[in-house]
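In the two assemblies presented below, chain A is common to both, partnered first by chain B and then by chain C.
Right, the complex of A and B next:
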């Protein structure tokens, strides 16, 4: 066999003067970069993915992971990435894959938007001293409400009126769907514990619900995707809502393939498939070839849950997203979940991930506006995901028109993820996107559940500060309030599309 | 373009009074009260609304319309003639006021919609609203000051005394009066931009800045309202119209939507009430008025005063006999009612609702 012509991406080095031969790096690396020679640590740098697990666990800071100095000759057209992919494809004949979202330097419109703040004519509000409300209800709202007054003047809903089911969120945040199988059970437990702690919701993804998550089902949304893994009436009724997954921002139009190596007993049991068999999620749902079929599945789920759970439909944001979303709402969905093209994934072919879909900023703006034009914005809530990196992004997404945002990658970062992008290999040294027991055991749900809860707490505080500076004390006064955003460095067409004015106007 | 947000920024003073027995008082009272707060404005806008001023035409919609150009008058009158029976048409009487050098043409019409023009399934009030929206948004130089029955708005660029003198408001007798003086920071210096803002017989005078204007505007647009007046105050008038007239909420409930109780307070209610408030608030989330405001909302049957939910603008109320007074400053009340029986500062978000008896 020839030596590979694919250049190693990273150069792992150990300062032998500092190294105390404790072998922790060997133990911690899920990739097999390090091995023991008998007297020192050997390094196979070709295998390094720069996840930095070894760096963090080296007690004497002897390890450095640098970008490999040897690069192909500079060329703006034939970039390092292009050349490297071609060599890899030539050697394997396979499609280059990636984990996580698109990493190309495409415009991030959140970074071209700025929020307003109060000066003089209206007072800003101090969230440390005044009430500041983030509570959000997701689900269909009636167009209008009929109320009555009791004899003693108390407000009462009109006899016989029943509000459609809602998801109550203490803050407009959710965790994106990530299945057991694609991530470890411990990683799902981290999400569930933090969701419970923060009064928000995690999403099972399409891998069904492991029994260990049953104590958290008040904070769980269950998902039905094309593989229909582990879908049964108990599952559908277990959480606070059901979601039909049509598409994923990182890989619109294609399905999923969890290799048999990632299907040990627990995953197999939860998904209700044989141990070691490949878990295939077809590209389309084979009972949904058009909108009328989606309507039937939405109502099948509503029937199965006795109209007690909101039904969410998750789509990747593609070119015609506004019309698609409108169809989904008219088909009866209570929530439309928009996943932008920068959204994460456990595995996607690079050609799909890097070249398909549209950014979430455009999608929120288009969908919110279209639903308003059609007079059906109240019929469904809009959740935005795919590239939400901070509370600032969340505030802008909400101001553009989202009811809530969902985060996946950011949540995984609290568990150690450094976005190395090798989730699909099943070797995650942080114990997140792996089923290898020696790796998953290192992710302690209690410790990392607390860290993730901390992130949400921090974002809550940040969002409250933003609201206070804007002079409002409730999140619904920011939602869809595009008047509070200005664009910088955007052309007229983009500003009009986003429905915002240019800075200075 | 829906994102052509043009928010007016202004500080203000407001005052209002109601005789709940429906007995009229002349306009000199409100002018005296408002003039005391002249320093809360900067002379760039003042106005009055009065109810009960046209008893001889009480069954007719009284349209107060301003025109910048003769051509806009002709255009509006053509539409009026085609759609309404016009009982009377006249210039609104005005007096010469030295400081008011130029003013638009100000006309009033007493009209009834032609029954055959109203689409099946629609109604007279919707028909009038559509007419007002059309004039305000589509006919350049024309703007409807008010469109209710037996009521009218009188407003313009000037201070309270000047505008009151100009319109000779002491010659009108009404059972509800509101007045407003403004301190705009970026005014287009436009007569239509002064308060009150009205629609049908709703009228609003408002002190504050609606920080949630962006979403309130987009919410109303979903229901066909066209927000054209370069100010955030019109959202209040249209929200009342939507909630009370079109959705049939009582005024107290509508106030609960506009200045919603905090979740922490809703959570403490008993089950039925908690469910009602939770549903109401989440259904009408986009109608919540956020940011500092005090406002008076007049309608043919009463007067309502309300503050934002943390009271970031002043509002004082007082009663004496059948009269209720509300104003930005207590002094503005005492100027016309030196010995009120009760004076109080309404709590944040807690409306003062006075209904006309009978």
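Right, the complex of A and C next:
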């Protein structure tokens, strides 16, 4: 047989002196790297993706996974990745795919921004012992409120005044849409449990709502995408909001394509498609060719939910994002969800993932600015996603103008994900992006739900510390305060675009 | 019998009135002077019969789950968008993107239909959405179809060269469900994923059942319609894109 010229990426080794032949690595590896010879563990290193599951589960630390030392000759233009892709393409004729967000060393603007803090002239706040409000509400805010006084002199909304529907978030975080199919049901349960625990919201993605998530629907946003999987009136009314998915940051302009390997019976049932077929949700929703058509679907959803649920529209951040967002708001959306180009994915062709869209930092600044200029910023909330790695990124995103941030990859990391990027194979050894029952069974929703809740708790504390240092006591006071951000190492044009000043000025 | 005069009414008000009437227990409602109002039938979970006089607007019966709608004239685009159950009967022609992601229920159109009809139609076990069109269809009929039944009859007469029953890319991206077409199909105009097959016994039974229902709605004769031979389109591979990616 023809031997592949694609160099293995990693070198898996087992220290045979340490190895006690427990075979756990064989059992744990979803990619079939290890097998049993009868006496010892055999290694097929070509298959290794460096997810490190085996490393963590080896009881004697006998396993080492290194980047393969054999590389092509150094060349800054013809990098290892470039050469490897060409060989792969030559051997298969297929498009190289990736899971997870773009990993190219492109500038990450969050890392070129620093936040302000109080010194001498304004007091900072002790976030642990003084009131500090992280709660926020997503949805259209009315132009004016009508209030009246109760008998005991308190203010309340005037009788008959109808508040627009809102999503309540105890902290400005959400979990980004990840469908049952692209991730396992257990992974969705982890998200749902943590969302409930933390008073925030998870998003079903486009794969419908599995009945096991019904106890969590007060913390679930449901999604409608081009494939319309599992969309019926119960579904639309089940959660706290409905989202129309137009695009995804990792693959703007192209649709979803869940490979048949990830469509076992359960997934086929919730999606109402044949078992083992590829689930197609192409980019265009063929009922939306314009802002007017988007309006038609937004209002179809509003009619179907009797105007009780906010409607979110999720787009990938592309060049003209500000104008598009303005159109979306004018079309009646209550939330605009911006997914930056570093956003994650279960599967995207590299050529799309690595070359299209714009970073979320630019998009937040542009959209917030545009909506303010047009006097419609109150008409919709802005959610930012796609590359939020820490509470620091979240604080900067909110200071740039976002109402809340959504995280996907960071949430998966709490379940074991090591960002190996091979989600599209359906073999995730951590039981996250797979439907193989022996793999998904390893992800205990209770245990990992708690870990994910811990991450959110920790980020909440961090965010409070940031607010305290800035001398403000609510997340609403940070929103859009770009005067509290300074840029370092950014050119004037970028600073102007972001609406921030250079450090030292 | 309950009448609502829709003249000059905004869709929001009209649909509120319809929903309120249904909640009050009305099970036969007639909407008069309808003129382009969107979303009729949306958000109703009961099973009333609603007769529509005039031309209803887009997204008729979107997400609908139960009612029977009878439109006495032509209708527009996006009918039965993601419809779950119930029935829509159109006595005239209808527009584009009908039955998008439809999951159940029936859509019967006496006349012609436009582009991308039956796109993303689903189906699972007993839930078999069905669209029957008495006339011809535009391009991309049954695109990305994953389940359900699409039937094209061409009752006014068709000709494979000059007046084909369906446009280009018939069944493109189809990976489930069945399309039945009365008369000849041009094999150069079908999607790459489908094949033209003869009907087997089960297909005949299914077709007959669907047509009996259709004919009852429009007072047509099943036997007459079934005199002409039908062809079936079905996906010939369930992994048409298996080789698209390098893993």
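We take it that the second predicted complex is superposed on the first by the 502 of 505 C-alpha atoms of A that agree within 3 Å, B and C clash if a C-alpha of one lies under 4 Å from a C-alpha of the other, contacts with A are read in each partner's own complex, and residues count from 1 in each chain.
Convention: contacts are C-beta pairs under 8 Å (C-beta built on N, C-alpha and C of every residue); 3 or more make two chains touch, one makes a residue touch a chain.
Remember, predicted model here, so these are calculated numbers, not experimental data.
In the overlay built on the shared chain, the residue A:277 is in contact with chain C alone; chain B does not reach it. In the superposition on chain A, A:296 contacts chain C only, with no contact to chain B. By the touch criterion stated above, A:440 is placed in contact with neither chain B nor chain C. Contacts of A:223 after superposition on the shared chain: neither chain B nor chain C is touched. In the superposed pair of complexes, A:146 makes contact with chain B only, with no contact to chain C.
In the superposed pair of complexes, A:123 makes contact with chain B only, with no contact to chain C. Partner chain A is touched in their complex by these residues of chain B: 1-5, 7, 9-11, 185, 208-209, 211-215, 217-219, 221-223, 246-250, 253, 256, 260, 262-264, 272-273, 275-280, 282-286, 288, 290-292, 309-310, 312. Chain C makes touch with chain A in their complex at residues 11-12, 15, 19, 38-39, 42-43, 45, 58-59, 62-63, 65, 77-78, 81-82, 84, 97, 100-101, 103, 116, 119-120, 122-124, 127, 143-144, 146-147, 173, 175-176, 238-247.
Of all residues in chain A, only 85, 88-89, 91-97, 224, 226-229, 231-233, 236, 257, 259-260, 268-269, 271-274, 276-278, 280, 282, 286-287, 296-297, 299-301, 303-306, 349, 424-425 touch chain C in the complex they form.
Interface residues of chain A facing chain B in the complex, by the touch rule stated above, are 118, 121-123, 125, 130-131, 133, 135, 137, 141-142, 144-147, 149, 154-157, 163, 166, 369, 372, 375, 377-378, 399, 470-474, 476-484, 496, 499-501.
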